[in-house]
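Quick one: the structure is below, and I'll ask about it shortly.
Chain lettering (A, B, C, D and E) follows the sequence in which the chains are written, and residue indices restart at 1 in each chain.
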Amino acid sequence: GCGIEGGRQTEADCVSRDLSGTEKTLAFSNWPQYVDVNDDWTKRPSLDEFTTRTGIKVTYTEDINDNNEFFGRVQNQLGACQGIDRDLIVLTDWLAARMIRLGWIQQLDPAKLPNVHANLLPSLQNRSFDPENRLAIPWQSGLTGLAYNGSVTKEIRTVDELLTRPDLRGKVTALSEMRDTMGLLLQSNGHDPANFTPAQFDDALTKLRRAVAAGQIRRFTGNDYAADLARGDIAACVGWSGDVIQLAKRNEKIRFVTPDSGGLLFSDNMMVPIRATHRANAEKLIDYYYEPPVAAQLAASVNYICPVQGAQAEMEKLDPGLAANPLIFPDEAMLSTSTVFMTLDEAAEREYERKFQQVIGA
Amino acid sequence: MTEMAEPPAGDLRLVNLTRTFGSVTAVDGLSLTVARGSYFALLGASGCGKTTTLRMIAGLEEPTSGRVLLGDRDVTRLRPYKRPVNTVFQSYALFPHLDVFENVAFGLRRRGIRHDDEVPRMLSLVQLDGFGHRRPAQLSGGQQQRVALARALINRPQVLLLDEPLGALDGQLRRRMQIELKRIQTEVGVTFVHVTHDQEEAMTMADTVAVMNAGRIEQLGTPAGSYEFPATAYVANFLGQSNLLAGDADGRSGDHVAVTAHGARFSVPVGRSRADRGPVHLGVRPEKMHLVDTRDQVPGGCQHVTGTITDTSYVGVSTRYLLRTGWGSELTVFVANNGAHDPLPQGGEAVAYWHPRHAFLLPREPGRHDRVNPLFDEPVSVGS
Amino acid sequence: MTEMAEPPAGDLRLVNLTRTFGSVTAVDGLSLTVARGSYFALLGASGCGKTTTLRMIAGLEEPTSGRVLLGDRDVTRLRPYKRPVNTVFQSYALFPHLDVFENVAFGLRRRGIRHDDEVPRMLSLVQLDGFGHRRPAQLSGGQQQRVALARALINRPQVLLLDEPLGALDGQLRRRMQIELKRIQTEVGVTFVHVTHDQEEAMTMADTVAVMNAGRIEQLGTPAGSYEFPATAYVANFLGQSNLLAGDADGRSGDHVAVTAHGARFSVPVGRSRADRGPVHLGVRPEKMHLVDTRDQVPGGCQHVTGTITDTSYVGVSTRYLLRTGWGSELTVFVANNGAHDPLPQGGEAVAYWHPRHAFLLPREPGRHDRVNPLFDEPVSVGS
Amino acid sequence: MRFSRWFADRWVVGVALLVLGYLFLPIAVVTALSFNRPSSRLSYDFNEFTLDNWRNPCATSDMCDAVLRSVQIGFVATVAATALGTLMAFALARHRFRGRSGINLLVLLPMATPELVLGTSLLALFVAGGVPLGFWTVVVAHVMFCLSFVVVTVKARLAGMDRRLEEAAMDLYASEWQTFRRITLPLVLPGIVAAALLAFSLSFDDFIVTNFNSGTTVTFPMYVWGAAQRGIPPQVNVIGTAMFAMALLLVLASMVPGRRSPTTVNCPTRGRDP
Amino acid sequence: MNAVAHAPAGQRPATEPPPAARRRRHQLLPYLLLLPGAAWLLLFFAAPMLQLGAASLYDPTGSLSTGYALTWAFGNYPTALQAYWPQFGRSFLFAGTALALALLMGYPLAYVIARKAGRWKNLLLVCVIAPMFTSFLVRTLAWKTILSDNGVLVGLLRDIHLLGPDGRLLATPLAVVLGLTYHFLPFLVLPLYASLERLDHRLLEAAGDLYASPLRTFQKVTLPLSRPGLTAGMLLFFIPATGDYINAELLGTPNEYMIGNVIDSAFLVRLDHPQGAALSFLLMAAILAVVFVHLRRAGTEDLL
């Protein structure tokens, strides 16, 4: 016929067979710096422990660098009801919502997720795109804010500093994810990312455009900003809390800053895509990471906000300092300054995305 | 691939062979027979179709029409490698990636023969002992040509085609190769078809000489026959040199044809005349002309022309004199340096005489003048 | 680039020029002087270093040692484009991307001369009027060669180097080009250095002929001088042919040297002897030998050898006889086909005689036998 | 005078050496880093000399798998593309036939198409056809984009070949096949080898097209791309250095005297260039 | 062959097809040779491209979830061009500049390999190709290290005041152009080498003999005779360089982004398939136009 049909799938059209009974394997795609590792990066203790316990061999790939990039890579297959050869993927809530809307995510069996239902933080329950937590289970949450490398530049406090300070010209990166970068800019203009008007968006975008044109911003990045920041190739950036704290462990001059105007809150969710053939194995792993000691072990290494109740108590045993860190176990003050980016419908998302991409050069 | 073992195939016959390239007719309805085991020479101006003819015999060019026969066998459409025919190419066409040895051994190898001692023998024959391991690019022009020769000869084909194979060799080597070629030819009974632009070479080596012009054969015969009594002015000047005087024949008188040229009267025996009335060329070869100081030294029965010696050149074996006649043409006269005569002085008067039995008469297109070599009297037909 | 405007540079001198390629010595300590404005011919066997010599004069090859001088100026290290020297290459080397006109105009253009009417004049000289817009690939071999000639000639250099420039032309055209070259040379006073393997060409055209062998000059002199009295056996057989009988000189007796060869006694004038004692070669040119039926027909004062005629071949201008002597060598005798003699029968007895003033005497390496052409009595030295 | 001439003869060699230096500069860095013990996972700076990376090139679990897979894909794709492309080159260089210019355009277009476009459009085809992505879809894609380069390279070589040599071979009893095998092939071989080398390097190095059509198959460039974002393990530099060194060693080995490589036609150039 | 061998003379061997059949086989041969390769290209290149062509005319308001309708929306083309002409222009500007640089570097290199390297020829040739065996990503990252703000090179340039104290190399147009030059240089050098190697040295000698200085010889003989290789090399360089986006992405800033980055984003981030397809076709058309003009001007149309 003419044109192509939409890529929306339904569970009835696009069934998956679960081979977990016979195959003790699990293909898990995640972001870099998002799982605990030992000192010389040769082992992943919690995953190894999972394998010892269940006999399920996990193929762990750190191939998600950017939500959009990952979506772009898999959209064709999933839209045609083809597998992407991954059993478990971790994506940010807005993208999780989109994929759920497209019918690309398998339902999980609540009976197999006792720890999840027992320990998931209440604030992460009842989310609009998955009210019953049957599709997307939070892996970690985090904060989008600013970061700088103190060995290259002096302290930075605000988004405006980042975008205009002359000594930072060309030594700044921002995130290629529209919600992250624009959210901070909206906040810096005194607007609420959770609730803004198109005009407010345009104002924020103008600010960004000016910074780009002035050569202030070197690049828009995915998770790869971390390496540049660590090396000092960039002085300051928009970044994610856990990554920066991990870097700070090795170089205390690197600091994460929640801008004065506030930070952005996000969660990344574990999902089983359609056609994945090891859903039961995936469920085992999801539930495993909701055991508080495991969650604490993970949080102690990645330094993101832990979605598991009871992990803080476990953390006290591991590292009391971290247990008190509001960036890992946020307090009220922290939460009050941070917002979640507004939910956008498809048309709005495309329009904002188009405008944003045009400013960032593509 | 044992055609080699077959009995010699008999005569090589070309029947009405024609080849056109677009609008150019390179070979034009050519028919001839080369007797088995004979040595056949093909002469002709550059671009007259010699190479094209050889290529059709070798099977490298498909005739536009006509047939090629080896004995009774029609080989017109046979692939080149199935013909018991080898070629020494005008451009050598040595394989640049093989050394001299492998180049020469190529044909044997293809027929599964491993007579590696044949190759050194062949190399020694062309005086290239010890060159086996050089690449063609490391040889001088003449050396390359000898490799090409060896490469074809080693196969002892039934017909060997030679496209100016000795062109780049010096006189001494050339004479040796001529003798060697001739020896091989008689020894193995190979039919040779040899294209050359060296008239002397053609005459010493060949049993039959064909002179080609514009895709056709103008004369075919024994070397002496064609030389002594050429069929056309083209042949007369291509096979050796000729002094051709423009005149008019007045018909037979007895066994002679009477000719008037430049106001003088001459006669030619009927048997040496190809025309007896109308415009003719009276031809005399330069070596058949003799020079004396005065008219009274001319022997009886001879005919003569008076003139001034404008140039003499020493050529070793003979001396060439140019004699300017009263009407302005320059005749060529060869005098052998056999020690019998003293040289004539340049600028002096002299009389050239010849015996009528050494003259010949050819029809002449009206309007054509004397054709005496080597003046730039008319352009040679070259290429298309 | 004003060398062109300089006065003619004077003689061309090569001093002790040597060029080696790896272990091959192509040119070996060669020294010679070519007088300004003269026509110099270089002859020699294939691979003897002729091309390499020309290339060093042109500056295309750097000598391993030795010097090249133009008048008083040492040009050994001068880049080719700064020498008032042009070359007609053996391989033509026409620019395939330029048409004939542009090829010929190339040198003028480089010197900033825009005489576009020179080019048609030049083309007409080499009989290529109207070919200006063809590309080299569209020309036959002979036509390409003439373009190469025109391209060099148009520059009227002080020295023109010609590397077998007439090799691809048929006899008729070749004679015409020879005359034209000679005319241009005398007209413009250019020094010509002409490599050829055509002995006749060298002799008719050149003032001085040098015969090269294995990278060295064996003899240098006028054509007639070198031909009449060659310096070595190599020259005797390279410049024309010779019958060289192995004998022993017994010293002078009066103004003659007495020689014993194959049991018979001969004599040679002292002025024509290069040795008067010990092993010698007694040389007689084939055209200086005469054939008679019986010994008593030999004129007084002449010397003779008796034998059997084993081969006669008709070469047009002359007939070549091979005479097998009592001791088994085959002498060559040329008899001019001037109509004066009847041919002698093959297989018959005959006597060859000559006058002592036409003989010459050369030293001989002991152990060397008769050297009579064109037998494969010894390999020609080729290359290294 | 003599110096200026010497200089005139050599300057171009000097420039060429500088350009080679430019080509090798990053390789030098890669080589140096292959002996580095990085101070941190995200650091590229030279920290401390070590041989550990070379002793243990496969320390990072999946990297060597990726290299192996890339070599396999490169090999299969090179063989296929070289075979198909050489046949096409022969047809185009040696025959006049209807539709020749159309075929020429078909060969040229893939080179004129950005890789990204090739990748996405091919992916769409595979998805529409229900073809599971993996090793073979990558091979198919690589053959497709290598083909044009092979055709162009081999065609150029064929165009420069003297047809008379083939005629001479046929005249010397070589059948069509033998002529091809003994004369045409050896003479065109340098072109074919060059084409194959080019094809292999294109395939081995491809990221964009592969990224779209590989499914979960991870090739070396994909591995590096992923690794770049989370800090490159120093072993990547070992592989990079080793691949480069291997290519050089192969050629050096073929230059060992006495074992003349059949692809090397060593014609000493007579004379020198102006 | 053996059948022929034993056939008695004068008899047409059975294996020899009649001339007409042979001629027919001869006419069929090119098609047989072309079949596999052409089929491959038709199936895996032409067919997807047709599909892409259709996509460029889809309704621009379609989306992944609703699907796209083929509405022959030719407007996609002007819209795309209007929005992204700066990146378009930049692609050609950068690729063109890189090409100029590559010519300056590649010609001497190809010349030396072809004509001066002697027995080192093959080694040098592989030296040109071998860097490609070290994954280009690895090399590009190495460039990042070399050009890095804290690197030796920048430090040096700052010390000799070629760069200001704040000056940098990375994330500048220069870095992108250098990256492109580096990345595609072998594609220029290889074909150029091939035609320079075939050049008859005797022609160069003849030019020198006819008063052409080395410069003139180069200009009047070497250059024109290397034109086929030069043209091919320039195309093999320019075409992929224009469509490249990795160098701009890794070595540049958004201000250096080229059209490849835009197409990338259209397909993968903005999910605007019609626009992505339209931009792809615009790029191909522009490249082809440049190619044809170039071939026509160079007089090497038979490269096609």
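In this text, a residue touches a chain if its C-beta (ideal position, glycine included) is under 8 Å from a C-beta of that chain, and two chains touch if they have at least 3 such contacts.
This one's a predicted model, so the numbers in the text were calculated from it and none came from an experiment.
Count of steps on the shortest touching-chain route from subunit A to subunit B?
2
Looking at contacts between chains, which pair has the highest count of C-beta pairs?
If you count contacting C-beta pairs, the leading pair is D-E.
With a Cα-based fit, what is the angle in degrees between subunit B and its identical partner subunit C, given to the nearest 5?
Between subunit B and subunit C, the superposition angle is 175 degrees.
Where the CA atoms of subunit C average out and where those of subunit D average out, how many Å apart are those spots?
Computed from C-alpha means, the inter-chain centre distance equals 55 Å.
Can you give the whole-Å distance between the Cα centres of subunit B and subunit C?
One centre to the other, that is 22 Å.
Distance-wise, how many Å sit between the C-alpha centres of subunit A and subunit E, to the nearest whole number?
Here subunit A and subunit E have centroids separated by 39 Å.
Roughly how far is subunit A from subunit C, centre to centre by C-alpha average, rounded to an integer in Å?
92
Quick check on subunit D: which residues sit in contact with 2+ other chains?
In subunit D, 44, 124, 128, 175, 228, 266, 268, 270-272, 274 touch at least two other chains.
Among all residues of subunit A, which ones touch two or more of the remaining chains?
Counting only residues that touch two or more other chains, subunit A contributes 73, 79, 231.
Got the subunit E residues that touch at least 2 other chains?
Residues 1, 55, 144, 148, 202, 205, 207-208, 212, 214, 217, 264, 267.
Mind pulling up the subunit B residues that touch subunit D in the complex?
1, 58-60, 79-81, 85-87, 89, 91, 93-97, 106-107, 110-111, 135, 137-138, 151-152, 155
Would you tell me which residues of subunit A are touching subunit D in their complex?
Touching subunit D: residues 27, 32-33, 41-42, 61-63, 65, 73, 76-77, 79-80, 82-86, 222-224, 226-227, 230-231, 247, 250-251 of subunit A.
Per the contact definition, I'd like the list of subunit C residues that touch subunit B in the complex.
43-47, 51, 90, 127, 139-143, 164, 167-173, 175-176, 178-180, 197-200, 203-204, 223-224, 227, 237-241, 285-288, 290, 313-318, 320, 334, 336-339, 354-355, 357-358, 373-376, 379-380, 382-383
Considering only the defined contacts, which subunit E positions touch subunit D in the complex?
1, 27, 29-31, 33-34, 36-38, 40-42, 44-49, 51-52, 55, 105-106, 108-109, 111-113, 115-116, 118-119, 122-146, 148, 182, 185-186, 190-191, 194-195, 198, 201-202, 204-205, 207-208, 212, 214, 217, 228-229, 232, 235-236, 239-240, 242-246, 260, 263-264, 267, 276, 280, 283-284, 287-288, 291, 304
What residues on subunit E touch subunit C, complex-wise?
Within the complex, subunit E touches subunit C at residues 200, 202-203, 205-214, 216-217, 220-221, 224-225, 227.
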